[in-house]
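Dropping the structures in below, format is structure tokens.
In the two complexes that follow, subunit A is the common piece, with subunit B as its partner first and subunit C second.
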Partner chain A sequence: MEYQNTLTTCIYCGCGCSMYVETIDGRITGVWPDKTNQISGGRLCIKGWNVTGFVGHPDRLKNPLLRKEGKLVEVTWDEALSQVAEKLSGIKRESGADSIGLMTSAKCTNEENYLMNKFARAVLGTNNIDHCARL
Partner chain B sequence: MTNSIPELETDSRCILIMGSNTSEGHPLIASRIVKAKERGARVIVIDPRDIQIARLADMYIPFRPGADVAVLNGLMNVIISEGLEDKEFIAARTEAYAEMKAVVEKYTPERVQEISGVPADMLREAARLYARNKPAAIVYAMGITQHTTGVDNVKSIANLAMLTGNLGIAGAGVNPLRGQNNVQGACDMGGLPNVYPGYQAVTSPDAQKKFQDAWGGTADTVVGLTVMEMVNGVGDGTLRALYVMGENPMVADPDLHHARHCLEKAEFLVVQDIFLTETAQLAHVVLPGGAFVEKDGTFTGTDRRVQRVRKVVNPPGNAMADWEITCRLAQRLGAGGFDFASPKEVMEEIARLTPSYGGISYERLEELGFLHWPCPAADHPGTPYLHKGKFSRGQGQFHAVEFKEPAESPDQDYPLTLTTGRLMFHFHTGSMTRRSEKLHQEVPEAYVEIHPDDAARISFKRGQRVRVHSRRGQIELDVRVTKRIKPGVVFIPFHFAEAAANVLTHAAIDPTAKIPEYKVCAVKMETIGVKEAKSQGPS
Partner chain C sequence: MIAAIREAVAERLGSCDGVVALRRRNGGVAPHLFQKGDELAEMELSPRYPLMTVVSRLHKAFPAIRLGVVARGCDERAYVEMAKRNQIDPTRLEIIGFACTAEEAQACYCREPSPKHPVAGTPPAPGPPNPLVAKYDSLPLEERRSFWKKQFSKCIKCYGCRNICPECFCEACAMEDMAWVEPGLLAPPFPTFHLIRAMHMASRCVACRECEHTCPAYIPLTVLYDLMRRDIADLLGYIPGADIEAQQPLSLSLEQAPLKK
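Presenting the complex of A and B:
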């Protein structure tokens, strides 16, 4: 049996509480507060204690989906990414990069937001990138 | 935040909370304020609702939603007329004081009482409490910003802090509590239409050249579209494609009927998310992303605190960490510069191109646990509070701000003011918390909070539901009758897609920040029958 505790940061509000996520044999079995964190100081709110509650939910998306004849159907990454790449480059060619918009995410990491910003500006060539900071 | 969270507990002698339901929205920051209070700090809460943290406050001041500028100008009026301002700070570190003072002088406590409903003497007492207990921190959240006067409200808060010299010292400051775990980081990383990472303006040819050279290509120097403008753009066809990563505008946007109408028209909509959200259901392509425990990376908390996120488990099925999806898609489009082996390598590039993150690395975070930006170099300890000795723009600028009414005020047809917000048990559009069994159980469905007087006015009887209408739409939901809220004001949490508060909200936006006025719109209400079957949430 492999028992692990991994220190990470909460996904909910902007407080920045950290916690240990406990796993046994690669399955999440618990959440423990982190005493060294300056904000949470060994405590968590109810959302923090339940922070992994949605992770294994059966509704999780497990495959890319593509709309075919009006319906979203499961496809491979190869097919999904080809479709996105083809459409975006086609639209860019016809109408310019500024006819594409991107919403990046306050739920994703700094690294992911940086990459979306680089993708929008360096790959597509548009400043049409924003996220829910206003919402 | 100009200051860091621990300072509230250790340094602040007064904490003024305005437009933040701290104990529900940011519970562990609220716990620091409780500790501060135990130490002897004075706490003032200014909010239209008698929120939980108001119970521990020295003063709770209810006021009419949207009257923020009037209340803040009133506090400053008292401070100036009683000579409690920090003359030395004003002279040495600020500019445009006279213009601000000329406007504030018109907001006597009596006039502010008329506009906001705050008794004049209460306003005087609060002003003295804030001004005489230095360092004093102002803590706020979307209650301040989500108005058509959001920028005016924030400028007024900055005015108040500068007037009393409450900037550049520990325990003071202007402290917005940011609602999402990494909304600070998304802004820092250039997830905004007007700036590159580190707030380097896209309109600056120097910044453009810097990123052009680093990336081998970039956009022009014209500011891009905001979220609301993009949604409208797909509606009117000026935007042909929209790529949405980890956002759910179909519940989060104001005036949802309009948002749906626009998004349904999108020629090509890509949604990358962990669930088939209300927005993903409209997409042409859905890409399955990774949850926070399925990836390595960093988040930046509300006090500019950069901390590690660590991978615990693999994503389910063929889902993939979002950083990896973006890299693969960029490579599919033939782009170089996306061959990162790990997020650690991405952070190395961020540090090279973002001055405020220049000294941040995974090695240092491993050793120290966190770093506050600005952290410009590898030997820099990070910056818990900003503006020490000097503002980043040089002198602190006062702004003369007049009070303006919200875009939509109650009238004969829609006599109530709706304000929206969060609950302790749920988060934003509920796509995660409503799928967490224990959180879902706490509050499984939407409700509206109304005052007993308003309940009597519509002959509400226990067990009945109500229909709430605005000029944009209507929703049906349960009722909680409570004196926490002022008569004439109703509150609806916005987490519940099937009774979405944002069907009702107004899409009027602040002219500068383009933030919608979620906190004020006009509604009416009627009772409907007793509920038959329990409505179903996503869980």
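Presenting the complex of A and C:
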């Protein structure tokens, strides 16, 4: 018999509303708005209340997919990341870093978006980075 | 006060499988199931969360467990109406009640700011009635309509009022039924969206005010539910949450529970 409320931040937009994800024996049973939080003050929008909807969704990808001979197949993270690194290095070598662009997401945390910006500028060497929240 | 409650919780952990109360961790406070060996120093009494909903979820997930719960007056009232509707098993629950402070009773406009048998705190005088209710009462009919029209036009349809309400537990909710609430409209259709819930709160709303506190649009929802409570008291003589023996009037015929007006 295990009951947990895990403190977390909504991943749907940049407001940063705070919430608890409630689990009973490891299964998600609900969301509680965090009443002690200064930003959201115990209030959430409809997306916040339903933020856990995708966790157990059958459409959710559990492993990376790689297109092999025209078909998407499940691969390990190691294989997927090696493939991405190899391709990006190749493109940079042949056509320059500015032939690469990055789209990041409002569904990531602030910190993840910061890392993406570092990856673009410090690792790849391009300023071509944008974000879906601009749409 | 909290020392006396912690003591009562420690004692109940001997006879129950766990005690539902609030816990402070990582800078926030949330409902927690205290079990033997847990650090009771982390226990808190505020801010309120609808703890009876937690009890209900645990009772349903584990049909044999016995629980304790640290409860305020509104939690106990919520328990009474939930037990009547088979959401909590009263034979598997022990209430460790405590009285709210006079300030809390005033802030909540609470008429019953203590459980029946508190183990800590002295029950304060009841809070005043919500002044907005009297103000609303003084409005002519047409202005009442425009009052709600204006308020409900702020609604962002988050369903928070329903989600946090200890008395909203239907598996299929009429507020999500396309026959009643046309999807894709913001604000949601006036007045069906909000009146569905108001009607369903008849003989259920225990005036805990959770709905109003969680409404991101700051709609004074409990004015509506206070009026509903008043009508149910005047017409049927029923006060939700007051008496676990009293049968809820909507499950009785008009002969069994005749209208008083």
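List of remarks:
Here, the second predicted complex is superposed on the first by the 120 of 135 C-alpha atoms of A that agree within 3 Å, B and C clash if a C-alpha of one lies under 4 Å from a C-alpha of the other, contacts with A are read in each partner's own complex, and residues count from 1 in each chain.
Throughout what follows, a residue touches a chain if its C-beta (ideal position, glycine included) is under 8 Å from a C-beta of that chain, and two chains touch if they have at least 3 such contacts.
Quantities reported herein were computed from a predicted structural model and do not represent experimental measurements.
By the touch criterion defined above, A:Ala85 lies against subunit B but remains apart from subunit C after alignment on the C-alpha atoms of chain A. Legend: residue contacts after superposition of the two complexes on their common chain; A:Tyr3 is shown touching subunit C, with no touch to subunit B.
When the two structures are aligned on the shared chain, A:Ala133 is found in touch with subunit B, with no touch to subunit C. Judged by the touch definition given at the top, the superposed model places A:Thr29 against subunit C, while subunit B stays out of reach.
Within the superposed three-chain model, A:Arg43 lies in touch with subunit B and with subunit C [touch as defined at top]. Legend: residue contacts after superposition of the two complexes on their common chain; A:Val73 is shown touching neither subunit B nor subunit C. Residues common to the contacts of subunit A with subunit B and with subunit C across the two structures: 7, 18, 36-37, 43-46, 48. Of all residues in subunit A, only 1, 3, 5, 7, 18, 20, 22, 24-25, 29-37, 42-46, 48-49 touch subunit C in the complex they form. Contacts from subunit C toward subunit A in the complex involve residues 17-18, 25-33, 35, 47-49, 54, 57-58, 61-62, 65, 156-160, 163-164, 213-216.
Per the touch definition, subunit A reaches subunit B in the complex via residues 4, 6-18, 21, 23, 26-28, 36-40, 43-48, 50, 52-57, 59-67, 72, 76-77, 80-85, 87-89, 91, 95, 97-135.
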